[in-house]
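Below are two complexes that have chain A in common, paired first with chain B and then with chain C.
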Partner chain A sequence: MPWRRFVNWIRKIFSRRRVIRLGLYGPPNAGKTTLANKIAIDWTGEPVGRVSEVPHETREVQKKERVVVQVGNKKLIMNLLDMPGIATKIDYEEFMKYGLSKKEAQKRAKEATRGVIEAIKWLENVDTALVVMDSTKDPYTQVNITIIGNLEARDIPVIIVANKIDLKDAKPELIREAFPQHPVVEISGLTGKNIDLLYEAIAKYSR
Partner chain B sequence: MPHKCARCGRIYDDRAPELMNGCSCGARVFLYLREKPGRTREKTIEKLKSSEISEKDIEILNEKFANELKNLNKTISLDIENLLRVSEGKYILDIASLMRGDPIVIKEREGVYYIDIPYSMKKKRRLEK
Partner chain C sequence: MEIDMEFISSDALRDMDEKKKIDFIIRRIKKGKIIVIEEGLSSSEEAKLIEETMKQIDEKFPGIEISSLRDGGSEGIRDKLIRLLGGRTSGLTVIGPSRLVKKIRRGRHKIMLKAEKR
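Right after this comes the complex of A and B.
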């Protein structure tokens, strides 16, 4: 049917605008989901996932597809991939401090461990990575260094997000100092401060 | 990839315990070259041998990282396993190994290991959907 083929051809041309698969990586409680929610609510009206002060709230990869962001006169289409936090040690006793029962905490630890592995597996499916760090914490950690080294080895563009700059003891300059080879954007996912700079960075650096 | 002690020049392999505990000469600063396609182990060692940093810089770095190294939880490199189940609800992960795509090796307790062999083969297909 030549007509159908023609229609498909036209469709293909118009749907060529590429979708960026944007992965949010980083240690637990860095504010990945808060940031993902901020982006998703601003542009689609719906959040990506639940936020909590208890670490490892995100234990499965959360997706929000085709989020269209307007940056200047450019349109970015992104699939947001909010990853579970990556940690080297998961201990249920830490969760019990937040009032979880022993059983709940142990279950959470198991799911969190599975989440870390899941997040690592998803590295293959990410076009651009936002590595989210808490600006009030020391950036020289094995988790941060390993994630960034691995993304570099895979040739995935990295944008470092120095998050939580709304907090008094935030020191985003330490993050800049630690990773001078990558663009660093200082933002607050909670208040939305500088979020435009982040969109600009995504438009500029993502592939 | 090998590491070189910044003070005495001794070469250590990846995951050598000295990288965490310090070289036998007492220094804790090591030079490292990132893995690159086409860069062999021999070439890396050659390059490492020719690169030096000054004694003063070693002192500064030693001081900066000395406190961090006291807290060994921060630097985790396991043996052959990359996922250690210490007890119910307590896990230690070697994320460097997992990120390299090594098959998951779970150490349940001393002498008992589980190896997820199909993991690395399955990985690609599962993710493509």
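Right after this comes the complex of A and C.
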């Protein structure tokens, strides 16, 4: 949107150091919170949120404000926004497979549906988006396409994070093939591999 | 084993606004139908469909599986202009209840779906 670009341009002129609202988007269990924690711990010493193998652990937007990242001679100030995973289905029975009681599973499912709605509403309020994908899975899913399509429609810079490259089955090249129109950074949020490349990409593409 | 499918012409949706279109789709999915629409949904419609699905999820309805193909892969200025002028863009959308659609995969120019009734 030209108007959004214009507003960002004016902001840049009047504030020497703007805070970038960096949204971490993606499907559940792509490693968004692991990555947000990695960034936050690297630069503030504190994590953003709890990580779990049970899907939809993050059920509301988790924030870490004013994370200052040094990239070369450039200083980035970011508000990290770790979004709940976006999905088209949430079946409480899936949670019961992880040992949750029916009541706990239904509560988690209800909270997760609210989280998805919240994540979608926040699309209006991010300056740059990291779309986090699990490199061991098919990237060409409707959820990924819908997230990216909505960010493109709002003219929000997208950096695709091909996460979990530490895993044996990782095929980050499939992510590059699926979304050639956006920069793709191959990383492991868990081990920190290539995390510097991600910081460089944020510095380069953020508006 | 019976699976109920409905093929919907884009003419059927032409005069509907976004909300009506989403309600029309969800009503059918909740009846256990797989629907195939003769057009791709816009990114905004897809997001609204996910939001509305989330609001309606309960014990009996855990959600949807969806795949949508648009002409050229993404919604460009051409598509937006055609829609604005009341025209129709090519594409295809397949949506079904997640309890019925076991797998949906999308290629650049095709959608593959596997359904199974419990």
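Assume the second predicted complex is superposed on the first by the 191 of 207 C-alpha atoms of A that agree within 3 Å, B and C clash if a C-alpha of one lies under 4 Å from a C-alpha of the other, contacts with A are read in each partner's own complex, and residues count from 1 in each chain.
We adopt the following convention: contacts are C-beta pairs under 8 Å (C-beta built on N, C-alpha and C of every residue); 3 or more make two chains touch, one makes a residue touch a chain.
Everything numeric here is computed off the predicted structure, so don't read it as measured data.
When both complexes are overlaid on chain A, chain B and chain C end up clashing with each other. By the touch criterion defined above, A:150 reaches both chain B and chain C. Judged by the touch definition given at the top, the superposed model places A:87 against both chain B and chain C.
After overlaying the two complexes on the shared chain, residue contacts for A:123 are found with chain B and with chain C alike. Within the superposed three-chain model, A:106 lies in touch with chain B and with chain C [touch as defined at top]. Shared-chain residue A:140: touches chain B and chain C both. Counting the residues of chain A touched by each of chain B and chain C gives the higher count for B. In the superposition on chain A, chain A positions 86-93, 106, 109, 113, 116-117, 120, 123, 138, 140-142, 146, 149-150, 152-153 are in contact with chain B in one complex as well as with chain C in the other. Contacts from chain A toward chain C in the complex involve residues 86-93, 106, 109, 113-114, 116-117, 120, 123, 138, 140-142, 145-146, 149-150, 152-153, 181.
Chain B contributes residues 34-35, 65, 68, 73-76, 83, 88-96, 98-100, 104, 123-124, 126-127 to its touches with chain A in the complex.
Put simply, chain A touches chain B in their complex at residues 86-93, 102, 105-110, 113, 116-117, 120-125, 138, 140-143, 146-147, 149-150, 152-153. Partner chain A is touched in their complex by these residues of chain C: 42-44, 46-47, 50-51, 53-55, 57, 59, 62-68, 74-75, 98-99, 104-107.
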